[in-house]
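Pasting the structures in now, so scroll down.
Two complexes are shown next, each including subunit A; its partner changes from subunit B in the first to subunit C in the second.
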Partner chain A sequence: MLVWSRPSRIVLWLLFALLFGVLFLAPLAVILLSSLADQWNGVLPSGLTTEHYTDVISGSAGRAVKASLVTGFLASALALVSGTWAALSLRLQGHALRRLLGLLFFIPSAVPSVSVGLGLLVAFSHPPLLLNGTVAIVMIAHFVLISAFTFGNVSAGLARLSPDFEQVASSLGARPAYRLWHVTLPLLAPYLVAAFGLSFALSMGELGATVMVYPPGWVTLPVSIFSLTDRGDIFAGAALTMILVAATLVLLLGLERITARATGA
Partner chain B sequence: MSAVAFTGTSVMDIDAAKIRGAGSNVHFDKVSVAYGAHVVLHPLTLDIAPGEILAMIGPSGSGKTTALRAVAGFVRPASGRIRIGAADVTDLPPYERGLGMVVQNYALFPHMRVEDNVAFGLRAQGADKALIGERVKEALATVGMATFARRYPRELSGGQQQRVAIARALAVRPRVLLLDEPLSALDAQIRRNMVEEIARLHRSLPGLTILYVTHDQTEALTLADKIAIMRDGRVCSHGPTTELYRRPPNRFTAEFLGRANLLPVTVAEPAGSKGFATARHRDAVLTGAGRDEKAGDRSLLCIRPQHLSLTADSEHTNRIVGTLREVHWQGELTHLVLDVDGTPVRVSATKLPVALPEPGAEVPLFFAPADTSLLPEDAGG
Partner chain C sequence: MAEAVALCAPAIRREPGKFWIVPPAALLALLFFYPLALIARQAFLDDSGVANAAEIIRVLHSRFFLNALINTVTISVTATAGCLIVGLVLALILAFVPFPGSGFIARLIDTFIALPTFLVTLAFTFLYGSAGMLNSGLMEAFSLPLPPVDFLYSTWGVVLAEVTVYTPFILRPLLAAFSLVDRGQIEAASVHGARPFRIVRQVILPAAIPALIAGGSLCLLLTVNEFGIVLFIGAKGVITLPLLIYGKAIQESAYQVACVIAVVNIALSLGLFGLYRFAAGRLGV
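Right, the complex of A and B next:
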C-alpha cells in the first residue's frame, strides 16, 4: 500500500511540506518580514522595526479596517440571508427549474470581479439608480461577488439534511415558519456559519470590483494595500496586509468557536 | 439491550392512563399515488379501526411507506380520500392532521435536550407551559426515560433514542401514531426487546391507533392486530394477523409472512362442512384446511416448518416422505431441509430423535390437517 508503507508516508509528508512551504508559507513569511523590515537589500532584511505598523495605524489604516469590516459584515449578512432564502426556496421547485436557477446563482462567481465592478459602475451611474460614489455600491459589488458562495454552502447543507427532521416536526404540529426557525435553521447552523465565514473572508480580500466603485471616503484594506504598493511603499503595504490577515483570522476563529459550541463538537 | 428498559407495568399503567387519548380510525378510500406516469400505490381501500395496530409489510418498493406518508400528508394522493376519524384529511397539511410519527433514524433534533425534543410538538401547537411540563414528564415516564430528560440525543444509545422518539410522538396525544420502520436501525437483540416493549406500550395505551410500516415479518407478527401485505403498490392480502399466518390466501403471503413449505397437490375431495379437503401429492393422500377448491383443482398445500414432525401421533395424521439433504443446528432450533419429490421442504424442530438420520436417508414427515392450508397454485398474490 502506497500510503501505509513508512517510506511512502515520509515521501508524501515531504511533498506536502515542500508544496505548503513554497506556495503558502513563503509568500506569507515574506510579507510578514517586509512588514517588519527596516531595510531589505539582501537575502534577508538588514533590521527589524514596528515603525510601519505605527505609521499605518496612525494613518488611514484604522478607517480602512473599519471600512473592510463593515463592508464584509454587511455584505456577508445580506448574502447569507438571500443565499439561504434562495436555497430554501429552490428546494421547493421542480428539478429543471431548480437546476436552471441554481446555475444562474453561480454565474457571478464565474465573472471577473473587475467586470462586476465595471458593470455596476455603468448600471448605477444614471438616475434613477444613481449609486455611483456611495458606500452602497461597494456593498452591492461585494454582495454580488460572494452571494454565490453562501448559496452554494447553504444548498450543500440542505442537501445533507435528512427530510425526516422537518417531516417529523410537521407531523407534530409545527407550521412552516415554526419549523424553519426551530428545526431547519438550527440544523443548518454549521453551514450558515461556514457560509458567513467564507463570504466574510472573500469580502475582506476583495479588490477587483472595489477598486472600480469605491468612493473616496470608503477605502477598504485591499484598496489601501494596492495604493501603498502602487506608490512603492511596500513595507507599509505589507504591514497593512498583516493587519488584514489578523482581522480576518480573528473573526474566522471566533466563528469556528461559535459553530463548535452550537454543534457540541 | 440499552441501559434502560421501559420501567414496567406499574409506572406505565399510571402514566399511560393519562396519556391515553381517543384513537381514531383511518380510512383509505381508493387512495392512489403516482409520480408522473409511474404509479407507486394503486387504488387502496383499507380501514384501520380505532385502537388497532395495522402492520403494513412488504418488500422494498411495495408502496407501504408511500401509504404511510400519504396518511402523514407528505405525499399527495393522485386520487382517493383519506379520513382520520370523521375528518377528511386529504387536503390538510401535515401539521393539521393531529398525528405522531416515528421514523427509522429517530430524527431527534440534535440541538435540543431530550425534554425539549419531547416538548417540541406541544410548543409548536402553542400549549401552555404547565401543560407542557406535565405532558413531557408523563411521556418520558411512559417510555422509561424520565431520568434522561436533560441529556442530548447524542448522549443516548439507539434504543434510548427510539424511546425518546416515541415519547415525543405520544406527548402530543396523537389521534394516530405512524411508525415508519422504527426499529430498522437497531441491532437484532435491541430490536427484539423493543418489539416487546412497544407491544407492552400499546397494551397500556389500548385506544391508540397505530399504523406500523416494516419489512420485518417478526415485528408485524408480534405487534399487529391486523396485517396488510403489500406488493407492487397493491395490498395482496389483509386480515387479522393469526388468520393471515395460519390461512394465507396466496403464495406471496404464505412465503412473505414466515417460512412456508408449499407442496403441489391435486384436490381429490373439496372441503366439506368441517372445512377440510382431501388432496393428493403423488401417492400420498393428505388432508388440509380448504376454501372453495373443487375436485381436480391444482393447489398448494401450505405447511409451516415448525408444524412438521419426524414422529407420528394421533394429531399428525398426514404423512409424506422426503430425502434428507441438509441439517442445520442453530441452538434452540434445528433446521432440516428435505427433498419431497423435487419440492424442497424445511422442518424446524426443537426436539429431534436421538439417532438423527444421515443426509440422503428417506425420512417420513408427519403433520396435522389443522396446521395446513390449501391455497390456489396460480395466484401469486
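Right, the complex of A and C next:
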C-alpha cells in the first residue's frame, strides 16, 4: 500500500472516480440515455421511449447490421487464416528475413485507414482488377487493416508456446502436417479465438477506409451511424451506436467464454 | 529453363519450409503494398500520366495542407500528453491504492479499446454540445441567454475525445509494468518514512518509463491516424490530414491532391511507427 492514511486514500479515490466518470462512464451512459430519450431540451430527457430503436430496426439498420456482421466475419476469417499462416511460416525463415518480414506484416496497422482506402481506390478502379463499387473492396479494406492485429496476436501466442510439445511430437515420429494439425494449432487455439474476436470488433467499428470505398448497397453500421448524425438525426444515431456496442460486446464476451471453456480456466 | 529447375530443386528439398511464407506475403503485397506504391506514383503523375512536380509543390505550399498538418501535429501531441497524464494517474491509483472492484474497473476501461472511436464524439455532443446537458444545466442554473461552454467544435473537443479513446492504450502497458514492481520495496521505503511522492518518483516512475515511452509513441501514431472522431465533430476549423484526404478524394474527386497528402501522412505515420517499434523493442515492452 502506497498511501496509508485513510483521508488521503479517499481523496485519491475521488480523483479516480472523477476522471473515470467524466472520461469513460459519462459517454457510455449518455449514449444509452439519448438512444432512449423521448424529447431532450433540458438537462435530462423529458421521457423515455424505445421509438428510436424500432425506427432504426424497421429502417436501414437491419441491412447495416447484416453488412457489418458479414464484412467482419469474412474479413476476420481471412485475416485469421493469413495471419496464422504467416506467423507459422515465419518460424521457418532465417533470423534476418524473419525480422524484416515480421515488420512488413505489421505495417498495415501503422498506415492511416483513409490512405488504405485511397490506395485500394487507386489500384482497383481499372480493368483487369476492377473492384471499385463491389462488396469485395470493402472486405479487402477491412482485411488489410486487421491483418496486422491477427498476425501480431498469433505471433505473440507462438512465442509463448513451449517448444517441448512440438519437439516431443517430432521425436515420436509425427510428420510436420500431423504435428501442425494435432499439436501446434490446438495449443494456439485460445490465441486464435482472441485474435478473431479482436479483429471482428475492429472491423465492426471501422470507418476511415469504409467511407472511402463502400458501394451504395453495402452500408456498414459506422457509415450509417455517420449519415444519420450528419443529417441531424442524432437520437437514431445513438440507438444504432448502442446496437453496434451491444453486438461487439456480445461477440467478445461469447468468444471469451469459448476460450475459457477450451482452456479449462 | 530445365537447367534452372534442376538448379533450384536441391534447394527446395533441403529447406522445404522456406516457401510457405509466399502465399500470405503475396496476398499482402497485392492488397496493401501495391496500392501503397500506386499512391506514391499517382502523387507524382498528373491525370494524363506525365510526371508533374508542380502540383506537389503547389499542394505542399497550400494553406489547406499546412493548416491540416499543423492541426494534426498539435492535436496528436496534446492528446498524447493528456493520455500520458491521465493514464499515469489512473494506473497509479489502480495499482497502488486499489479499492474494491478496481480490477473490474480496469477491465472495463480496457474494453474501450474494442469500441468504435466515434462513440465518444457522439456522446460529447449530448454532454457538451450547445444544446447538451452541461450547457442546459448551466443556462438553467444561472439563467444565461447563451450556452456558456463552447469547446466541443474546436481542437479541444477533438483532444478530449482522443484522450478518452486512447488512454486505455497507455493504461494497459503501465498496469503490466506496475505489476512487476516489488511491493516489498515500497513497503520498506514507506516504513522508513519516505513520502508517497518520493516513492513514486524514485521507485515507481523508473519502472514505468519504458511503458510510458512505448505507450506514448503508440498514442502519437494512433492520434495522427485518427479519422472517426474528427469526422464526427465535423467542425469547419478542425481539419486533419486524414480528413483532408477524404475530402479531396471523395468530395472533390481530386485524386492527385489526395495522393500527395496521403504520401505525407503515410510518411509521418511510418516515422512514428518506427519510433514505437524502436522504443518497444529497445525497452522490452
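In this section, the second predicted complex is superposed on the first by the 247 of 265 C-alpha atoms of A that agree within 3 Å, B and C clash if a C-alpha of one lies under 4 Å from a C-alpha of the other, contacts with A are read in each partner's own complex, and residues count from 1 in each chain.
Here, a contact is a pair of C-beta atoms (placed from the backbone, for glycine too) under 8 Å apart; a residue touches a chain by one contact, two chains touch by 3 or more.
Computed from a predicted structure; not experimentally measured.
Model built by superposing both complexes on subunit A: subunit B and subunit C fit together without a clash.
Once chain A of one complex is fitted onto chain A of the other, the partner contacts of A:Ile140 are limited to subunit C, with no touch recorded for subunit B. Shared-chain residue A:Leu121: touches subunit C; no touch with subunit B. When both complexes are overlaid on chain A, the residue A:Arg261 reaches neither subunit B nor subunit C.
Contact with subunit C, but none with subunit B, is seen for A:Pro27 once the two complexes are overlaid on the shared chain. In the superposition on chain A, A:Ile234 makes contact with subunit C only, while subunit B stays out of contact range. In the superposition on chain A, contact is made by A:Val43 with subunit C only, not with subunit B.
In the superposed model, A:Leu90 makes contact with subunit C only, not with subunit B.
For subunit A, the partner that touches more of its residues is C, with subunit B and subunit C as the two candidates.
When the two complexes are overlaid on their common chain A, residue A:His182 makes contact with subunit B while staying clear of subunit C.
Here's the short version: in the overlay, subunit B gets within 10 Å of subunit C at its closest Cα pair. The intersection of subunit A residues touching subunit B with those touching subunit C, taken from the two complexes, is empty.
For subunit A in complex with subunit C, the touching residues are 1-4, 8-9, 12-13, 15-16, 19-20, 23-24, 26-28, 30-31, 33-34, 40-44, 82-83, 85-86, 88-90, 92-93, 101, 103-108, 110-116, 118-124, 140, 143-144, 147, 176, 198, 201-202, 204-205, 207-208, 211-212, 222, 225-226, 229-230, 234, 237-238, 241, 244-245, 248-249, 252.
Remark: subunit A residues 162, 164-165, 167-175, 178-179, 182-183, 186-187, 189, 262-264 touch subunit B in the complex. Of all residues in subunit B, those touching subunit A in their complex are 72-74, 93-105, 107, 109-111, 120-121, 123-125, 152, 154, 168-169, 172, 178. Across the complex, subunit A is touched by residues 15, 17-18, 20-21, 23-25, 27-28, 31-36, 38-39, 42, 86, 89-90, 92-94, 96-97, 99, 105, 108-109, 111-112, 114-120, 122-127, 131, 133, 136-137, 140, 163-164, 167, 186-187, 190, 196, 199-200, 204, 221, 224-225, 227-228, 231-232, 234, 241-243, 245-246, 249-250, 255, 258-259, 262, 265-266, 269-270, 272-273, 277 of subunit C.
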